[in-house]
Amino acid sequence: MLFRFLPKNFNFFDLFEKQAQYAVDAADCFRELVSQNVLDDASLLKMHNIEHQGDDVAHTILDSLNKTFITPFDREDIHALAKELDDITDMLYTIVNRMKVYKVAGSNKNLIEFSSVISESVRAVSRAVKGLRDPKRSKDVSEACVEVNRLENLGDTMRDDVLAELFETEKDPVAIIKLKEIYQDAETVLDICEDVAHVVQSILVKQA
Amino acid sequence: MLFRFLPKNFNFFDLFEKQAQYAVDAADCFRELVSQNVLDDASLLKMHNIEHQGDDVAHTILDSLNKTFITPFDREDIHALAKELDDITDMLYTIVNRMKVYKVAGSNKNLIEFSSVISESVRAVSRAVKGLRDPKRSKDVSEACVEVNRLENLGDTMRDDVLAELFETEKDPVAIIKLKEIYQDAETVLDICEDVAHVVQSILVKQA
Amino acid sequence: MLFRFLPKNFNFFDLFEKQAQYAVDAADCFRELVSQNVLDDASLLKMHNIEHQGDDVAHTILDSLNKTFITPFDREDIHALAKELDDITDMLYTIVNRMKVYKVAGSNKNLIEFSSVISESVRAVSRAVKGLRDPKRSKDVSEACVEVNRLENLGDTMRDDVLAELFETEKDPVAIIKLKEIYQDAETVLDICEDVAHVVQSILVKQA
């Protein structure tokens, strides 16, 4: 195997920040979509484009990782970080696509609440990722990770409450099938944010 | 990156045994809960505490792994073992929490049967993990792993029978939605035990 | 840890090709089964045997990997390739088993369509895996991977269309529960094929 050096201006940190920004954009787009009365085509297309661009950045990171010898931190952490950041955007796209296929639309108060917690969590993820390039900001990075963990716990409680309510009040089994899956997916976004925080924390521990 | 040595009394084997013990405790607690007519708060709290303590041990293992150079076996196997052992306890907590949210309670003969197979499997996992520290006990470890595999196959058959029966006899689609997920989760516990056995077997092969 | 050399005639490529062939056999068997009006026992047994033989090859690869020092490409890629190829066959077996448990049979036009896309994708996977042993065929390997990616996208659209139609036309919630899971599983086979293609592409990049 021949290892090569990447171009001088190549920077893993820049690409991770780009990925985090796409996750923030996807979270904002998700928030817009669940607040509307209809799933308009323009917002759906916007989400699709964000997901697509996020994919491209993830592929660039993984290809570059395979071609280089010198990396700013452990190869497995770079791989995991690129993968998990991409999963946030993918999952948000999956939910929106599912809403379209299942014809679940109309502003849904539970999804609006989820979207606002997701938006906070993805922003904390973005702060954590941005701080990685500067060892002096490790305290900020840690705090952002703690915030992501807190929001994941909050999301668990929200999902439990929302599902309990769904089973109590919704009498149509088909509506239960659809909404149960979408609510569980929304909580999964927060799980993936927590996975990112775990990778970031493991990078910090190794650098300490 | 600076690698450091862990305190002299630090021992990965002790922590893995602790994790395995939490999995055994969680399996016992699960068995109690599914045999009762109501999900009492005391048992739910007990399960929650077990899960929490298990989490703490898993984090200690992963943090220590990131900080040390000297490990008793391959780093990726330590990582996988800590992760999978934690997943057993997590999954048992998830099932119990789901039963509470879905208001599924009352002693359920299928869950009682699952809980007894899970209890056997988790005890075999614990024997396998305990044997790891002594190369002379590799035969016992292997036998415990074979037992875990046997119980996973048994669990597959149980899940198939139980789901076939559910679709035959239950007429309420909402009850099907709830119980189907809980039965599939119960079988997943046995899958995770098998994943632990695979990691243990891979450690044995490398030591042979 | 003692590393040993494998027997001279041991060849990872031979085993990967065997795994790919089992995946092709499983896809063919799946196609047969979904075209029939009943799930006959002979075909079910055939699928079960393919899955079992595939498992054996996967175990041989992973055990050999743990025992040897010299590998034709990165250890983690060998591990991932063996795992993902095995997952294709497993998933096809899972679907057929689920159809039996749920008593879903009778030639289903949607599953017939899925089975034909799966058949194409698994054959492209097999071409990619076969090309790996000869660096001069890297262009063919790349083309096969692109084809797998194309078929995964096609599968996403198929699944969305089929689920939208299911929710539109099927009035029985229990039938929706069963078919929804089976259609989603069918698409998952194509996702796993894409995962194999990603591993293969990452091997190519490192060899370039």
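Per-chain numbering from 1; labels A, B and C assigned in written order.
Operating definition for what follows: a contact is a pair of C-beta atoms (placed from the backbone, for glycine too) under 8 Å apart; a residue touches a chain by one contact, two chains touch by 3 or more.
These numbers were taken from a predicted model, which means no experiment stands behind them.
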| item | value |
| --- | --- |
| Partner chains shared by chain B and chain C (touch criterion as defined above) | A |
| Cα superposition of chain A on its sequence copy chain B - rotation in ° rounded to nearest 5 | 120 |
| Inter-chain centre distance, chain A versus chain C - centres from mean C-alpha coordinates, in Å | 28 |
| Residue list for chain C, restricted to those that touch at least two other chains | 173, 177 |
| In the complex, chain C residues that touch chain A | 73, 160, 163-164, 167, 173, 176-177, 180, 202, 205-208 |
| Residue ranges of chain C touching chain B (in the complex, touch as defined) | 1-2, 62-63, 66-67, 97, 100-103, 173-174, 177-178 |
